[in-house]
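Both complexes shown next keep subunit A, but they swap its partner, so subunit B is in the first and subunit C is in the second.
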Partner chain A sequence: MKRRQRGGMLALLTAPLILFVVILFLWPVARFLALAVDNSDFSNNLPRTIAALAGWKADSGLPGEPVFAALVEDLADARRAGKEGVLAQLVNQRVVGSRFLVIKTAKDAADGKLTMRPVRDEVLSKQGGWKNIDLWQVIARQQSARTDYYLLASLDLKRGADNSIEAVSADRAIFVDALLRTIWISIVVTVICAVLAVPLAQAIVSAPPAWSKLMFALILFPLWTSLLVRTVIWIIVLQKNGPVNSTLLGLGIVSEPLDLIYTRFSLYLAMVQVLLPMMVLSVVAVMRRVPTTYMRAALSLGAPWLTAWRRVQLPLILPGILSGGAIVFVFALGYYITPTLVGGPTDQMISSYIAFYTNSTLNWGMGAALSLQLLMILVLFALLFWTASVLFRRKAHVA
Partner chain B sequence: MSADRFRKWLMYAYAATLLAFIILPLLIVIPMSLTSSNSLAFPTPGWSLRWYAELWVDQRWPNALWNSVVIGLSTTVLALLLGIPAAIGLAWGDFAGKRILYAIIAAPLVTPVVIVGVAAFSFFATLGLVGNKLSIILVHTAMAVPVMLTTVVASLSTFDRTLVRAAASLGAGTIRTFFKVVLPLIAPGVITGAIIAFIISFDEVVVASFLSTGAERTLPRMIFSGVRESISPAIAAVAVMLIAFSATLLGVIAILQGRSQTLRARASA
Partner chain C sequence: MRTYLQAVSAAAICLATSTLAASAADPVTVVGWGGTWDKAYKDGVWDKYTEKTGVPIVMEEWGGEVAKVRAQVQAGNITYDVVSVEAPAMEVGCAEGLFVPLTPEITGDAANYLPGTLHECGVASDTWATVLAYNTKVYKGDAAPKSWADFWNVEKFPGKRGLYQQAQFTLENALMADGVKREDMYKVLATPEGVDRAFAMLDKIKAHVVWWSTTTQGIQNLDSGEVALSDGFNARITNEAINEKKPYAIAWDAGFFYGTDYWAVVKGAPHQQAGLDLLKWFSIPENQAGFSKLYAYGTGRKEAADLIPADWKVNLPTSPEHLQYGASYDNDFWTEHKEALEERFKAWLAK
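Take a look at the complex of A and B:
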């Protein structure tokens, strides 16, 4: 009983930190992600119009007088509440070019300039943009305070005229490409790191203690310098009159400076340099636990060195490669600073899009949907790595 | 046997090349930052310390440094206040759901930092705290605690808990036992954790970019916006100073670890 009580007391010591993380981290993140399906700015600002549009069908032509009357009331209210900008942006996201139409109509409505009856004719004569059936179709669909618009958009999909899901036009389809590119870049970086790290780890483990310590310190050092500084340094090193280009020119290997920076090549280079230490650490940790006698036994039984290494050493250090790979991959997926600074326009990863939509266009729904997508991929791949290591361990046990 | 020696030689040559790839870029900016010219070039056309002097003339850089130090130190203190009790609970406590607690604490570490930044921005905007150091300190603390916790938990789990009972039997209260017995012995782990927490905050740029405006800009934020415009030798000078700073802190940690090893050896002797 006493013991249990102490356990409870000790558990209580974690409470302040847990509360801190839940309130200041988990809650804000959850609140932000919820914006991916939030439609309240739409449904709350056009309540009467949406209600009046119930039962209206696109093939019956433009809606009638009651709908226009409701629209004028709603827009006037939105304008008075200072919400017409938000509303105009939401409409504009779905029907491009309608931003100004909404803002102008809202202003006219609030200023009492749309009082002639029938108001339908008045609105249509002053703001001909409302003759667009697509606009009404979009508004009619916003009854719910929840929407799948952003989630679909993050997969280059949309609701068509008959509310079925269809692909967006090719010139607007950018997100699936960005998603695949993000995964591909992360895979390439992870594989390069694994291939480079294993021999280095082998060297660190088999070197004499003093050398081993030095190499380990050199590997660790970049982890202590900021990611930003290391990224900036690559820009300095790879620029037109930087050390790499002047060396290549000096040696006569090239006749004019190469475009090294702002390319996929520089992105891989910078990301590998930044993430390699983590892979090396992970592999070294496992390798140190593998007795050297196994390799010696294989060699003394006559196996060629490479065969012995591949059949004996590699399977034993594979868990280290897998866990290092998981760390590198998960970090790479969320990279933002490095692709933004050293990548070209066609090398941007999902994180850059998230920052763009929330920073520059204030499209929170899109930013949240892309964030949700990124987190799902992260969880998916983490599970994949985890399953792989479990399966591998089971196989190792059987063997 | 000569094939063996060749293989060894090859392995070390490979290791040296790869380590050069990792380390050399960090070193090559040192001569480049000492340039007398207006732009960065290699080889350095002429030598001068002017860009280091420039940093103190342009009021924005010292101001940003000050912001970063204030935010970094506040983050460290807050992380220690929250982290040490939690570390004791996690290292010594024997209760259900520990894994879930670890997962909650680690969440800020594995969440892509852009999501952290954007979510923090939307949250603190509703509280009117964007552009306030406090918001950055709070988010940095959440990001720093999970890393700091690992070193503190590690030093606590090798801590001989009979010492606590001995102190209690000699009449020391919980608080007194903590400050007189526990804290001195886990100090190396705590100081290492504190340095790590400081570095995490001091180097963090994404959250700081989302949450800081104008006068509240941190040093990484200044570098980030500076790089996007053009890379002046001043940026290289800042980079060199930050690398030197990291090297110093790493040296301190290496000394601390050596000390904790001797402490442990003495305790077990």
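Take a look at the complex of A and C:
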């Protein structure tokens, strides 16, 4: 009875948190991600046309009168429901240059300007754009309220003329490269952070308390500065006539200013600077719990310092490196302002595309598909980190 | 439930402050492009409105992400009243029903507006131009770049040049450099061969370009000497040259394209009517001119231009001496082709 009461109490206490996470985080994220496969704006707004197109094949030429009559009815309804803009955008994504064709035809249809019979001739004479077979092929394919269009596009794939999956042309293929680049940049940043953070953490832990506090404050200080400021400072420091280049020139190390900014190098520099504190904090937290006597014991038993560190200290602080690595990696995956500002044109990461589709072209299907991709990578790497730490713990246990 | 609560709390506040409410009107939230642009609007336009009507204006800043408006409308939690949007976003937003259609009663007679500055859902907030700018200390007198072909000429003008990192502006500049006339621009760009031609031109200077993605960054690259010539928004260049006394000049006769941003009232905004009242007041020429007097962008009403002092008017893209070298961005073209061309541009950049 008592135990049950306590359980109920616990549930009551955590309920606000769980509700908060579900309502304000999981639910909206899930809804946004669902847009990656949603096709209802297409299928719901052209129901009659899509039905009338059943059995139609592209090689049999333009569809007949019933399809055009259905199109006029559907577009008139869409216009009255205020949906023709969304529909036009969807058609235009698939057949570029057809946005205003849809909007104008919908307006004419709703205004009762397309009433002659056969209406097919009237539509074709007023809006010649409907002679484009590609348009009909796209519409005929939208029977379902679900689509794989965005998911395929996010992998540089598309449905070909015969509805089979094929690669998009080389000058359009961007996302796979961008995704691999994003993963690679994140891995490199994580590794650099780990390599830098361990000696730093060691120094903080071994230093006298006053020094340790000061170093800790210095590490934390950048965390309180705005990300944008920290990023823009690198532009000023690394630019052609900036302090770094003028020092190098002044010392005669180089004869011409180096291209430091807008390169992969400057991107790594800026990202590591921003993310390093996370790694240091994580490693320091673990390192503080490791008694210094272990290292001393190893050394007094005759192990060289490096061996002692590698065999005794490193395994003990590895959980800190792994959890810090997971945090840094996850943060790095989502970067897009920093690559845009200090990276070069070949350093753009996948999030900049998500921002482009979500913010400026309102193609939320594409934004959701790319987000889903990123989430998958995240889950995959989270599992990797988790497996690594479990394996390691088991090994440590056996030993 | 939500609206009920809102209504109840609104009623309670009204009761509690009924004496105050008569004097202090609800503020209207106006969303602009930030920085010096917002400041010019505040000093030149909004403060006068508040002085005259007592309606306070709260200014917010954004990057033109019409997605924010869509998200607010879909969530039923609208915080923006009046927003300034770029033309292609205006087309999309207006067609989607995010903005309130404006009547002639609000905007005045359409015949009084410059072409392209009045839209079904908006009146021009500013007409900007993307121009060729250069450093007059590096390129003195006759050595200055005079055309986009010069901009592309890396032998005559060695060193890096700045370009805005997006397809719109850049493709037009590339084709101008390749000798395409401004009036033929969109005939060429509408064909696959025309797009290929623009990218072929871009291939030629790819290794010599420093790309910028925020206006401040573009100016910073000029300031630091990273580049000595760059494309840029005309008012920002003028601002640096005149107010900050920096050695920058604009080659107007190289040719330029101009575009328009619009003020639009968000449908269902908490102060929709106050927003419409604001735009009605803004549609009076004297009030529109308040902005152009402080910031070198044009506005919609033709009469507004006459109210701007001659020595400042020469900095506006819409002034007669410059307009002969300019052409308007084709908003319909960019509304339809933006996504596909930006995708291709990004793919090209990353190679």
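What we mean here is this: the second predicted complex is superposed on the first by the 357 of 399 C-alpha atoms of A that agree within 3 Å, B and C clash if a C-alpha of one lies under 4 Å from a C-alpha of the other, contacts with A are read in each partner's own complex, and residues count from 1 in each chain.
Everything that follows uses one rule, which is that contacts are C-beta pairs under 8 Å (C-beta built on N, C-alpha and C of every residue); 3 or more make two chains touch, one makes a residue touch a chain.
Fair warning: this is a prediction, and the values are worked out from it, not measured in the lab.
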Three-chain arrangement built on subunit A, subunit B and subunit C clash or fit: clash
Which superposed partner A:Pro315 touches (first subunit B, second subunit C, both, neither): neither
Which superposed partner A:Gly242 touches (first subunit B, second subunit C, both, neither): both
Partner chain(s) touched by A:Pro47 [first = subunit B, second = subunit C, both, neither]: neither
Touching partner for A:Leu362 - first (subunit B), second (subunit C), both, neither: second
Partner chain(s) touched by A:Ala11 [first = subunit B, second = subunit C, both, neither]: first
First (subunit B), second (subunit C), both or neither touched by A:Leu341: both
Comparing the two partners subunit B and subunit C, which touches a greater set of residues in subunit A: B
Partner chain(s) touched by A:Trp305 [first = subunit B, second = subunit C, both, neither]: first
Contacts of A:Phe20 with subunit B and subunit C, given as first, second, both or neither: first
Which superposed partner A:Ile204 touches (first subunit B, second subunit C, both, neither): first
From 133-141, 169-177 or 223-231, the subunit B stretch with C-alpha clashes against subunit C: 223-231
Common interface positions of subunit A, toward subunit B and toward subunit C: 235-236, 239, 241-242, 341, 358-359, 364
Residues of subunit A that touch subunit B when the two form their complex: 3, 7-8, 10-14, 16-18, 20-22, 24-29, 31-33, 35, 196, 199-200, 202-204, 206-207, 215, 217-222, 224-230, 232-237, 239, 241-243, 246, 273, 276-277, 305, 330, 333-334, 336-337, 341, 351-352, 354-355, 358-359, 364, 367, 371, 374-375, 378
In the complex with subunit A, residue positions of subunit B that touch it: 3-4, 7-8, 11-12, 14-15, 18-19, 21-23, 25-26, 28-29, 32, 39-43, 82-83, 85-86, 88-90, 92-95, 101, 104-105, 107-108, 110-124, 138-139, 141-142, 145, 199, 202-203, 205-206, 210, 220, 223-224, 227-228, 231, 235-236, 239, 242-243, 246-247, 249-250, 254
Residue numbers on subunit C that touch subunit A, as the complex places them: 63-68, 70, 89, 92, 94-97, 165, 190, 210-211, 213-214, 217, 220-221, 224-226, 332, 335-340, 342-344, 346-351
Subunit A residues within the subunit C interface of the complex: 82, 84-86, 88-89, 92-93, 96-100, 103, 171-174, 177-178, 181, 235-236, 239-242, 261-262, 340-341, 344-346, 348, 353, 356-364
